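In the two complexes that follow, chain A is the common piece, with chain B as its partner first and chain C second.
For the complex of A and B:
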């Protein structure tokens, strides 16, 4: 099991944070382009899913998987989106994504008056805490380094 | 347990077959006095609830009928604008029926081609080498399963999140497609499938798969 990468988007589609741990393939486009493509895909999935659903939804889109990886999605009522790519063996990690939001983002970004809320997160403290948190996850394998 | 619907998408993203197998109805009828406790807004030729949830009426539900008579998109059966009608206090009290809007065939075509590109982006943004497109997409109310053949045709099944045995169902649908659509001399490739035998056998396969229950066959 392994964690590939993590994106945090705000409600306007700005990528607030990106980090990667064990990514073997780059998208072949610049990072800005990749963030736009990723956000566009998630935005379309949200609208796709709300139209396709046969009954009213509560949480909406949770995750998708391909033959090689699984994308986990969590969105807060304020529109902040936490997206984590892992391998296929990882089950439901909604609580982990919620912890990234409530313990890391709220504690080290929202409560930091020097952090501007709608631009890329510059805080070194947030980066370090997030890195330690993700490396400590039970499904973050040691060999990933 | 249920299988909600089946979509077949050709390699260009066009919808060539669609079947709604099971659609749970969620409708609520209520008599209102003036003024209305809900905010209604026109959207895509329908009148939708924009704000205010009560008594089984949810945001996103469409006005289906007024005083028991079905509405025709944004207009009442006698041609008046629904919103204008509901803004006139003289028409109250009024009984309105709300429900989840049904997908029109145009919307289904649009959603199919939307999934076609989502499938491609899912594989492009992969952090691992050699990834396929989206094979399974999960929400709290349904799971979407997709199987792409080597020739690029996608079979998409929407089912209850607990329904199992979908992988074998997708292979079975591929088999039915090869047997009854492709071997039909009147069928031209990449075009919509209008073939009775395909229809019948697909419905049969869906029923068999549903009987497998939540934990799959053999349990």
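For the complex of A and C:
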């Protein structure tokens, strides 16, 4: 199993953070364009999922997978979005994405008054903690992919 | 204990009263500071409580009174005076921890001592897409029988696609 990369978006679609571990293929466009494309797709999926659902939903969009990878999505009521791509072997990781929100984003960004919200996260501390956390996940493996 | 907060807040209000000539400006500053706290506090609240999105204002009222006030101030205000439309209610604070050691002098009759709370509530709710009007309508510091915060739902803030997106 493996973790490919991670995006954190705010409620306005700004990419607050991007990290990459095992990504063999790049998008071939600039990162700014990639973030916009990613956010646009997520925005559309959210609206698609809520319109198409035949029953009332609690959580809405959770994940999708292709033949090669799986995209996991977690959104807080404040509109913060944590998006992680892994390989197909990874099951439901909602609690992991929630932990990234509550132990890392809230503790090292929200509680740091010098970190402006709504812009790219500059905090080295946050980056390091996040990297350590993801590398420590049971399904993180640098070899696989 | 929360005395540290109570006393720190008291010192803040005292300083603001020195810095600004009139109480209206102090009220405004307290509200503004509260707002800035609220927009961050809501993230801490959601991370710690794992409360999901509210579907109506009644649910919001319950979460504020029973979960949020409990978590941060150790009190549970009661919810009363619902408007018929369900878009307005009051929080009654039996004991407001912000005012534990306070006696308002006569020359500060228009000071809303705990106005920080209004800003906190407004800021936090704005982040979960609710524009809400929050104000004190009764205050024991001013001789009223109870402390009452009136909450009025104004509108839902829609999220929109960032500019330049199709």
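Before moving on, here are some points about what is shown:
Assume the second predicted complex is superposed on the first by the 142 of 145 C-alpha atoms of A that agree within 3 Å, B and C clash if a C-alpha of one lies under 4 Å from a C-alpha of the other, contacts with A are read in each partner's own complex, and residues count from 1 in each chain.
Assume contacts are C-beta pairs under 8 Å (C-beta built on N, C-alpha and C of every residue); 3 or more make two chains touch, one makes a residue touch a chain.
This structure is a prediction, so every number in the text was calculated from the model and none was measured.
Of the two partner chains, neither chain B nor chain C is touched by A:32. Residue contacts after overlaying the shared chain place A:77 against chain C, while chain B stays out of touching range. Once the two complexes are overlaid on the shared chain, A:23 sits against chain B while remaining clear of chain C.
By the document's definition of touching, of the two partners only chain C reaches A:117; chain B does not.
Within the superposed three-chain model, A:66 lies in touch with chain B and out of touch with chain C [touch as defined at top]. Of the two partner chains, chain C is the only one that A:13 touches; chain B does not reach it.
Chain A is touched at more residues by one of its partners, and among chain B and chain C that partner is B. In the superposition on chain A, A:95 makes contact with neither chain B nor chain C. In the superposition on chain A, contact of A:58 is made with both chain B and chain C.
Judged by the document's definition of touching, chain A residues 40, 58 lie at the interface with chain B and also at the interface with chain C.
Against chain B, in their complex, chain A makes its touches with residues 4-5, 20, 22-25, 27-28, 34, 37-38, 40-41, 44-45, 48-69, 71, 85, 87.
Touching chain C in their complex are the following residues of chain A: 11-14, 36, 39-40, 43, 58, 76-80, 98, 101-103, 105-106, 110-111, 117.
Residue ranges of chain B in contact with chain A, taken from their complex: 4-5, 22-24, 26, 58, 60, 100, 103, 107, 111, 114-115, 117-118, 121-142, 144, 158. Those residues of chain C whose C-beta lies close enough to touch chain A in the complex are 39-40, 42-44, 46-48, 50-54, 127-129, 159, 161-162, 164-166.
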